[in-house]
Amino acid sequence: MTTVSLNEDVSAGLTRGEQLHAFATVLFPICRSITGNGVRETLRILAEKIPIEIKEVPSGTQVFDWVVPQEWNITEAYIKDSTGKRVIDFANSNLHVLNYSTPIHRQVTLEELRSHLHYLEDHPDWIPYKTSYYKEDWGFCVTYNQYKALTDPVYEVCIASTLSKGSLTYAEYFIPGDTQEEVLISTHTCHPSLANDNLSGIAVVSAIADTLRKRKNRYSYRFIFIPGTIGAITWLAQNEQRVRHIKFGIVASLLGDRGSFTYKRSRRANTEIDLIAAYVLKQRSEHNKIIDFFPYGYDERQFCSPGFNLAVGNLSRTPFGQYPEYHTSNDNLELITAASLEESYEVYLQILTMLDQNVCYVNTNPKCEPQLGKRGLYSLRGGTNDTKAFQMALLWTLNLASGENSLFDIAQRSHMDFEVIREAAFQLKGVGLLTEEKT
Amino acid sequence: MTTVSLNEDVSAGLTRGEQLHAFATVLFPICRSITGNGVRETLRILAEKIPIEIKEVPSGTQVFDWVVPQEWNITEAYIKDSTGKRVIDFANSNLHVLNYSTPIHRQVTLEELRSHLHYLEDHPDWIPYKTSYYKEDWGFCVTYNQYKALTDPVYEVCIASTLSKGSLTYAEYFIPGDTQEEVLISTHTCHPSLANDNLSGIAVVSAIADTLRKRKNRYSYRFIFIPGTIGAITWLAQNEQRVRHIKFGIVASLLGDRGSFTYKRSRRANTEIDLIAAYVLKQRSEHNKIIDFFPYGYDERQFCSPGFNLAVGNLSRTPFGQYPEYHTSNDNLELITAASLEESYEVYLQILTMLDQNVCYVNTNPKCEPQLGKRGLYSLRGGTNDTKAFQMALLWTLNLASGENSLFDIAQRSHMDFEVIREAAFQLKGVGLLTEEKT
Amino acid sequence: MTTVSLNEDVSAGLTRGEQLHAFATVLFPICRSITGNGVRETLRILAEKIPIEIKEVPSGTQVFDWVVPQEWNITEAYIKDSTGKRVIDFANSNLHVLNYSTPIHRQVTLEELRSHLHYLEDHPDWIPYKTSYYKEDWGFCVTYNQYKALTDPVYEVCIASTLSKGSLTYAEYFIPGDTQEEVLISTHTCHPSLANDNLSGIAVVSAIADTLRKRKNRYSYRFIFIPGTIGAITWLAQNEQRVRHIKFGIVASLLGDRGSFTYKRSRRANTEIDLIAAYVLKQRSEHNKIIDFFPYGYDERQFCSPGFNLAVGNLSRTPFGQYPEYHTSNDNLELITAASLEESYEVYLQILTMLDQNVCYVNTNPKCEPQLGKRGLYSLRGGTNDTKAFQMALLWTLNLASGENSLFDIAQRSHMDFEVIREAAFQLKGVGLLTEEKT
């Protein structure tokens, strides 16, 4: 398999953000759903970037309370008026078809047709995005203007879809680290031509994976590219034994719009990832928000269900439902920007890096202060301009490194920057005054 | 025994509040004390309402650090002036006699008489209520105007009382529930003609007992009608083995005046009853108050002594000593209103009902969300107008029902009304998604 | 050994504050350092006040990560100009010599001399105090005006010091109490002619020791008079087995200036001494400050190192480095006042007394209230004017005396003064209603 790394693209003259936007552009036209060939095609293109493993779980597989549904595929769909003109055509936008629509091809009265149409009066030029996964139905999503123009008494409707035994397709990518403890990063892959609501996640997460696989990490990292809800449930059901290795995780979504960031805490609320994500977001901008867990939204619902209760939060830019283009045809490639995608990548990486570096060291000389002078640490500046501040960082780190405090805890209690404490720990470890706690 | 239920009275055309006021009116003239026939007569009338069990504990019985005192009874008392006129007469108000007064019948000088008189200069027409249970003494309580009118050099005083071996009388009523865990509701019965300070409690508690015995309850309920202090101590001494079944309790007092409610927390401060009583009071009116425990007041002093440390609070309207008529002849049937008594009954019942419904359910499908759609729960409204809010109530309840969270805890964390969460739990239990935790 | 107690001085007509200032005046001229005869002379004079035990720890002794250094002594030092005039002379101020300076006696050029001079441009008439314990160096500390006056091309410099195998000298004084649990009070003895920065500590601590040895104490008290850093490390290394007896402690320093008090919490932050010191300081003045622990400052750094983590705070007036005269020749006998020294003594004694009295009593009659009347407690006033408040103090003490609450805890929860609660406990213990918890 030939993989083109994101960094190679960067070296090809694009900023990382432009490269991520270009990747979203490639994926945009594909008609994805929770199963089917659209997902397969998406993952095939993703596999050119990072060496994901693609999994197929057969329709009918019991996954906890759920069953993997029949696979849905679609080739064509339209509404023809009495003159034979295609007034609505799937070829123009895959949003026109109710996602998971059952097949149909017959004449219908205007009245019957109308009961199968979805539209938005408030945004007369936008097509809404609608699904019917678990209730058999057919339908079209149209602009309000298109809706109003349908005045013929009878129309020919055609949805050339299939619902049949197949499989649910997802991708997984594992980067082993120094420890078996894993960080889980999950993003959903089930939305058709919507840019922010899920291509931004796929693009940013693939770039994170590409960066992490090229460096040495303390934690192992597991990336899953899955359909929402049924995908997370399927993954958890099929990987129940692995769950105990997951130390924390983030559900990635909505990472391309121009809004500030919102981190939604895990159900456990005060885990290390919750504290560190909040720290990073608040450090970067006071406009970023931290909100409490609630059992709705993306797949943190499943990861935080009481039987798992994982330390998994959600990090997005503008949350779902809070921007007008959400789940409409205007969640398009213009809604997302290269700059936003790049910043999202940076924020994720900053959080993950901080978690990876956030060791609980143990002072090897815990009784009284060690003599820093004889070890050459007394006038070190540790990358800062301030010798005195770095002295304090050394003393705080020694004082609190009793095994129960992480570097982040030390930074918090000392009111010093994490970076300075991390550098102090690095220097102290270098002269043998700190050891890494056994995990 | 014929019992006339409170509800029958209600059906006789009186509101519940009017019926409670009428009951207080019947009990008002009786001269009660911590022992004696006044209490027996009171409990005999109470037994017509609810099937209480009446207990007699002999004088001289050791109850922890205390001894059940001699029984006090009184038939007549007066002060006669030199013309033979009864200027003070127990027949006019039983408050005129110092409660537990020793007998006396002789001529006394004005000077000696004055040293045995109690009065209120600030309220010249009110008779104070005074007692001398544990120090032998005789005395009269008079209005300040009566006091000033006593100018004869010598008076004949007569208190035809007896202090002799008898018993302490109290009543108990037990309603068995689904579990052995008990809720204790206690009210004092030792005050003579004072309406708010104790008849309001007796009336409201009897109505609560009458309501609870007619419905199915999760908890068992124990009602005790006892003299203050010595009664609670006697009950605890004689029922020490039962105490471990008491999950929580309320001391009921001062429930008929027009003031807002005050809940005084248990010594443990944050028990379930403390949180729920505070929630109900604050939900009903911002004027209601929650105050911390202090080791003074009513019988919560005994229930919260360190050797028991029960989750027992006190719920009154205006607290003791904070209304001018407290412990005077003006704490009469006009101070208490039918509306206040009825509202007190409702508040108690709301708190007790919420406690009874406040189960810790366990999600039977804790790994990932269960599929609500296939169980018909997806578009339920659960008694609210808002399908979406009810969906959230279902999801919150499933998410937090891991056995350690009560429905109240879930309501608090989700910022939803207890009622909506309770209804969600009811629906989820109906389809087998929740079971009741073993207690 | 003849000891002249501080109280005898007081009876000689001086206030305690004046006596403490006089004691500092006696000690002021001595040239102290972390080792050497200056410390010995200081402790010899201290031994006239309290019966301290003087210890000598040989140079070269390993003490945790450190080694007891060579002993430093000095007889004379000067800088002579070309005319043979001593322009700088140790005889004028022992601050003139860099403390722990290596010996030297030769001609030096002005340029070389300047590289060994320390001065303060901002305070042109003050001599700074500088040390070089762990890096061999010679040097002089001079006023900026003296510095500017040095214009000869060559000077004769002489420092008649010795650095040779000897010992580190410190003093210890132990007062046994009812229990083996100890309160540690430590003050440093290593500064030469600086009044606030360390003579104030030596004086105040000696007065506290003198008072405590004349009264009966619950805790044992251990006083150590040690050189900063290396002294505390040496004491801890040589007394590691005793450390488990230390229940709490205070490092005493900077107790003579006119500033308000600052208490720096122990690393554990909320221990009994932290709470009580804060209570006393805030009760005395709102200008007093409570600050969090940080691993810098005085010997609390060593006592609070993670391998010991003792409940040891620091109580000073103006903290180190926060007054302009700090570590200069202007930290002299005029900077400290008799009134400040006396107040410091009082604050320390108040804190120590409160700790000593802060027993966790157990109610011997925990089930229901005991009958106070029959024990004569019902109308006691307990030193207050207010019978009712003292009643409440009795009831609170009985209610909370379940073994886990100290008298301070009871005072805090009841919002009553510690003194009133302590008196209530005294009365209750007198009638057998409280016993002292086994420690």
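Order of writing sets the labels: A, B and C. Residues in every chain begin at 1.
Basically, contacts are C-beta pairs under 8 Å (C-beta built on N, C-alpha and C of every residue); 3 or more make two chains touch, one makes a residue touch a chain.
Note that the structure is a prediction, hence the values are computed from the model and not measured.
Peer 1: Have a look at where chain B meets chain C and say same if over half of the interface residue numbers show up on both copies, different if under half do.
Peer 2: different
Peer 1: Rotation angle, chain A onto chain B: superpose the C-alpha atoms of these two copies and give the value as a multiple of 5 degrees.
Peer 2: 120
Peer 1: What is the distance in Å between the mean C-alpha positions of chain B and chain C?
Peer 2: 58
Peer 1: Which parts of chain C, given as residue numbers and ranges, touch two or more other chains?
Peer 2: Expected reply: no residues.
Peer 1: Quick check: in the complex, which residue numbers of chain B touch chain C?
Peer 2: Per the stated touch rule, the residues are 63-66, 134-135, 229, 232-233, 236-237, 240, 267, 294-296, 301-302, 304-309.
Peer 1: Which of the residues in chain B come into contact with chain A in the complex?
Peer 2: 363, 365-371, 373-374, 392, 395-396, 398-402, 414
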